[in-house]
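Here chain A shows up in two complexes: once beside chain B, once beside chain C.
Coming up: the complex of A and B.
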């Protein structure tokens, strides 16, 4: 255990890494709180008017609207002298509609604005963060599990098992990653978080496999493993009780790297409509609404999703770099 | 020696290609379910389904279907698209040009720029500039490519009107200078950060070598050491890296092609996935896998040609 303690001490000396870890921890805590229902539970509530602007912009926009309203020609349109036969009914309907809206008391501004349906963008970003982080972590865990087991078996036993997994590796790596992901998405057809996790996990194990296999090849002939063999430890015990703790730092760093990779992949999949379903929000599905919003000049949703994602992914990447430096000091 | 290496490597293609074929076959013929229900439309009647099944050969046992698929690959005839009825080979022939029109300038510009930047950063390693640029790269990489495309398209094309928002023309010059300019710019900006990080490590490897110390000891100017000695050696892994990126980019540029309406291979993949157009996806997957294997081999040969110390085994 003192090895991990040493690594932890090395890690604490890295100020960038500690700061990154704090940000990552904050994101994980927020996602956990959102999963538990403490925050952003009512993210789908239509609390504001459609495309309600952020609060810090509202004053400026109201001013502009007042000006444009003053500039607009007042009075009714000239309908070529023909009176509108439905004028009275229309006026009544308008009055009733605006009255109903007032009764619902929708906010005209929100902290960081609202989307098309008047949902709070901040809450969507938090809920979306929960989805994106959950997908990233779960898919990375699945990929690490497959990669570690396959790599351990191939590296430790060698022989036909090694040949088989190497063949599988060359097959999977000869198809570009995103193409493979899309092909599987096309075949599976149905959407959902579980599908995305499965797709990303089943395609993303190759990098971890190669590294773990190389580590096992190196370790299986070391003295401590031969000693374990001499005292009668079983294959499984040697693989997982003796060698695995000595290569676990590789798994940990790869896990962290793949969380970042899978968060980015999930965003692209959800954006294209092959990711999470319509009843779930993720950073990708938030970005998917951006093209039609930008044309209307509504930029706050893409800004919120981009900011949240950039902060989380940057922190995770910097944390991974520091983690690797701390766990493998030889790299310097 | 090279010829025996070539033969052995080509021979190794066989099991890998067989694996790719098996994987694609399993995905589409087994996991994907019966395509006849997809094709027969909303109100299928049994005769129509049976007819489609006969036409596609899916009423045959699995091993016969696998044979049909192998034959399609060998002859390069994947039949017709299910949605447009266009020949799959025709789709490939017409979509490759636009893809390359964007990819070739993109690869060239981004490689030159990131090589220059990486060399400077590696030269100043450990300095504040180096750390700032590296953290900047990490931040730039953490923003999704989608955001780059959306913001560039909205700001530079829609708001400022510097570029056409999207589209594709007839002539090469028109496309290269007009329609491809913004897609290339987006692609360069996106690939700069990861490339600088990777190439910086290549330069750092070289700067630590003995020949650099020798060159400095004999009084060569720093500029000459860096531009001539270090650059030439660092260019070897960079060249192979650029080559290896090619097949992934061909299919991977689909987001750029989709947003800017470029009729390339990537956009075709997206459309095929959206329409469950299995023949097109199957053909793209198999061909790109073959291209990847060939290019990997070419990269090894290039490495050997550039660096005589490398032994081909």
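Coming up: the complex of A and C.
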């Protein structure tokens, strides 16, 4: 029975881990469905009135509006017997406006409300989840790839190669994180998902590099690697066929950790305006709209984005913890 | 009267019966040796006496210490006993000492805790204890940290610590197996002298029968949680009643005879009538004599390790020749450079100076693949030398794939199954992973991997040292059979002089990176020239 199978069995015994994996899988499935265009394809459709409230609040809000409507003076006011010279034009405009509204038939309430332009918040959250997860996973994969390759080379060969990568690591870690991120964002110029992935991937590899380098330092002198050398295995084969499977659990756990980290980073970037473009939605861009909405008492968009993000990130973190316990039982 | 009496002690872990109801006594002022191979339950016995078993252990039976049942004693009572009346010496002195405290502080801690000594009084007592434990210049050693002491000195500190509160019972769990033979001898003499002088009782746990014979008055032989035999040293060693004891005594290679095959435990247990036939085969194996071509020659091989300004000369110029089908034994204590020399020969480390000639041709001019194919290595630790993520089939197929032996997966798998049969493992093992095998089986897999390339020279670096005596015998027999079949040469590296005596035609003795003596095995063991060789041979417990 291979060690992977044993680790998988250990993982299955961990109930929290399995539950977290189920939540993560649900998020991934939803994101995949949205990417395939099965759900939330029309997220940018302006289907509701501006700031349409969630349906479960609708009754209460309508009541309030009715009251305020009743309190307000209705109909044409009697202006001391002077006829309104614009009455005819105004009536025409009113008629045309209500006719247009009727033709568009905007909803007054939506399941979880609408944003400023009347877009469905639930669909935005699903589409935003797709973006955030894609950014998190892709950036973490990029970071893990760079970190693993650099760490393997530095740890395995040592010498000047190790010195070079350590120097690079020091440079990257000596610059404050946000400053570095913003600098790269400024250099890359245009906004977009690919840019965000590049920014996060190029800045986030350092931690993985450090761990993998240490693992390679430890493993390259192990007897099984020496034995592989003795049967004539090349350097590349020893690095990737022999050592890598033995340190891959470290990579896997780091990958999972960085997905969480990068989902959060994407939110920060988008909030600061360096994230995805205006034609895309992510949890971060939803949160960026929140400050102006909250002044108006519109809380449903920030609630939807926060809820989705908190659930995804928590599930991912719990899953990562269980993964680590299963893959490396000694840490326990 | 007995100081400690164990009666019907049973210890169960989750699904393993570690001890299946054992009973024995430790009389006052007596040394009792508990002998057994790994998994026999000897360490579990020691831990149960001290009440140090892990919480998932279920214990039944009685351990009476001065008529008090230790198994029913309260944790506080046990703590008071531990270190004061019963103390213990462990196998690994390096990991038993805390590296961040001076050794004086650590020994003083026991004095302050159990005897309530003040700082200065503890210090004086420590110096006296260090002196008793045979540490030179004890006053200055007091402030030394563990890493500043040698392995032997560390074990002396552990002994001083164990003696600090004048225990009545000293438990020594393999106290010398991590030490070199010459140091082992000194420590054994020290322990024996202390036991007599202090009139203590001692429980001496070991896997080595010869050691038990050297220090103990009574012997208890254990196997798989049961006692096979107990009695006085004279009775157990001169006239063993149990087949397993007889097998253990016979399967260890001796210095004074060289049977064609080592008897193994199964021979004795299966057919008790034929037991003892190992003694009959004193004839030397008909080795090939002269006229063989030289497979390998080393000329002035040297290796210097540098770290910063420090320079360590691990091997200071070694030269030897090895003929086809012959075995060169390489003997030395830890730090002698014997493993480094093996790695230099296999070109797993680049040499700093000197050259290796493979069949008369400079190894550096031989293509890497040809060279690797000719020389294979079996490493010491079978738990570390197999890649845990590779199945046995993958491990065996890899060298064939790299060197293009066998066409396609199917043929390579067939060959791998054949190799497994050669080393005595079933073909079903192909699909299993290393962690599913015992140490001896893993070493067989490692040997099969080396055989896959049909090398001309096999370097065995302490290949059997990590294994139990009975498994050692099986593997030594296997290595000899394979040598005859493939006409391989062996470079057999070991610290164990008896094993080398059994395997080698020629022997080379190394000390501090230098070859101090080389010669035919017979002659070298019969008439050692160099004082170091003589010291090594004298240190072996008879």
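What to note about this one:
Basically, the second predicted complex is superposed on the first by the 319 of 332 C-alpha atoms of A that agree within 3 Å, B and C clash if a C-alpha of one lies under 4 Å from a C-alpha of the other, contacts with A are read in each partner's own complex, and residues count from 1 in each chain.
We take it that a residue touches a chain if its C-beta (ideal position, glycine included) is under 8 Å from a C-beta of that chain, and two chains touch if they have at least 3 such contacts.
Bear in mind the structure is a predicted one, so any value in this text is a computation, not a measurement.
In this overlay on chain A, chain B fits alongside chain C without clashing.
When both complexes are overlaid on chain A, the residue A:179 reaches chain B alone and has no touch with chain C.
In the superposition on chain A, contact of A:268 is made with chain B only, not with chain C. Once chain A of one complex is fitted onto chain A of the other, the partner contacts of A:296 are absent, as it touches neither chain B nor chain C. Ranked by how many residues of chain A each touches, chain B and chain C are led by B. In the superposition on chain A, contact of A:2 is made with chain C only, not with chain B. Look at A:278: by the touch rule set out above, it reaches neither chain B nor chain C.
In the superposition on chain A, contact is made by A:223 with chain C only, not with chain B. With chain A used as the common frame, the shortest Cα distance separating chain B from chain C works out to 7 Å.
Chain A has no residue lying at the interface with chain B in one structure and with chain C in the other. The residues of chain C lying in touch with chain A in their complex are 343, 346, 348, 368-369, 372-373, 375-377, 379-381, 384-389, 391, 398-399, 402-403, 432-433, 435-436, 446, 449-450, 452-453. For chain A in complex with chain B, the touching residues are 16, 167-168, 170-180, 182-189, 260, 264, 267-268, 271-274, 283-284, 287, 290-291, 294-295, 302, 306, 309-314, 317-318, 321. Those residues of chain A whose C-beta lies close enough to touch chain C in the complex are 1-3, 222-224, 226-234, 237, 242, 245-246. Only residues 15-16, 19-20, 23-24, 27-28, 31-32, 135, 138-139, 141-147, 150-151, 154, 158, 247-248, 251-252, 254-255, 269-270, 272-274, 276, 278, 281, 284-285, 288-289, 292-293, 296 of chain B touch chain A when the two sit together in their complex.
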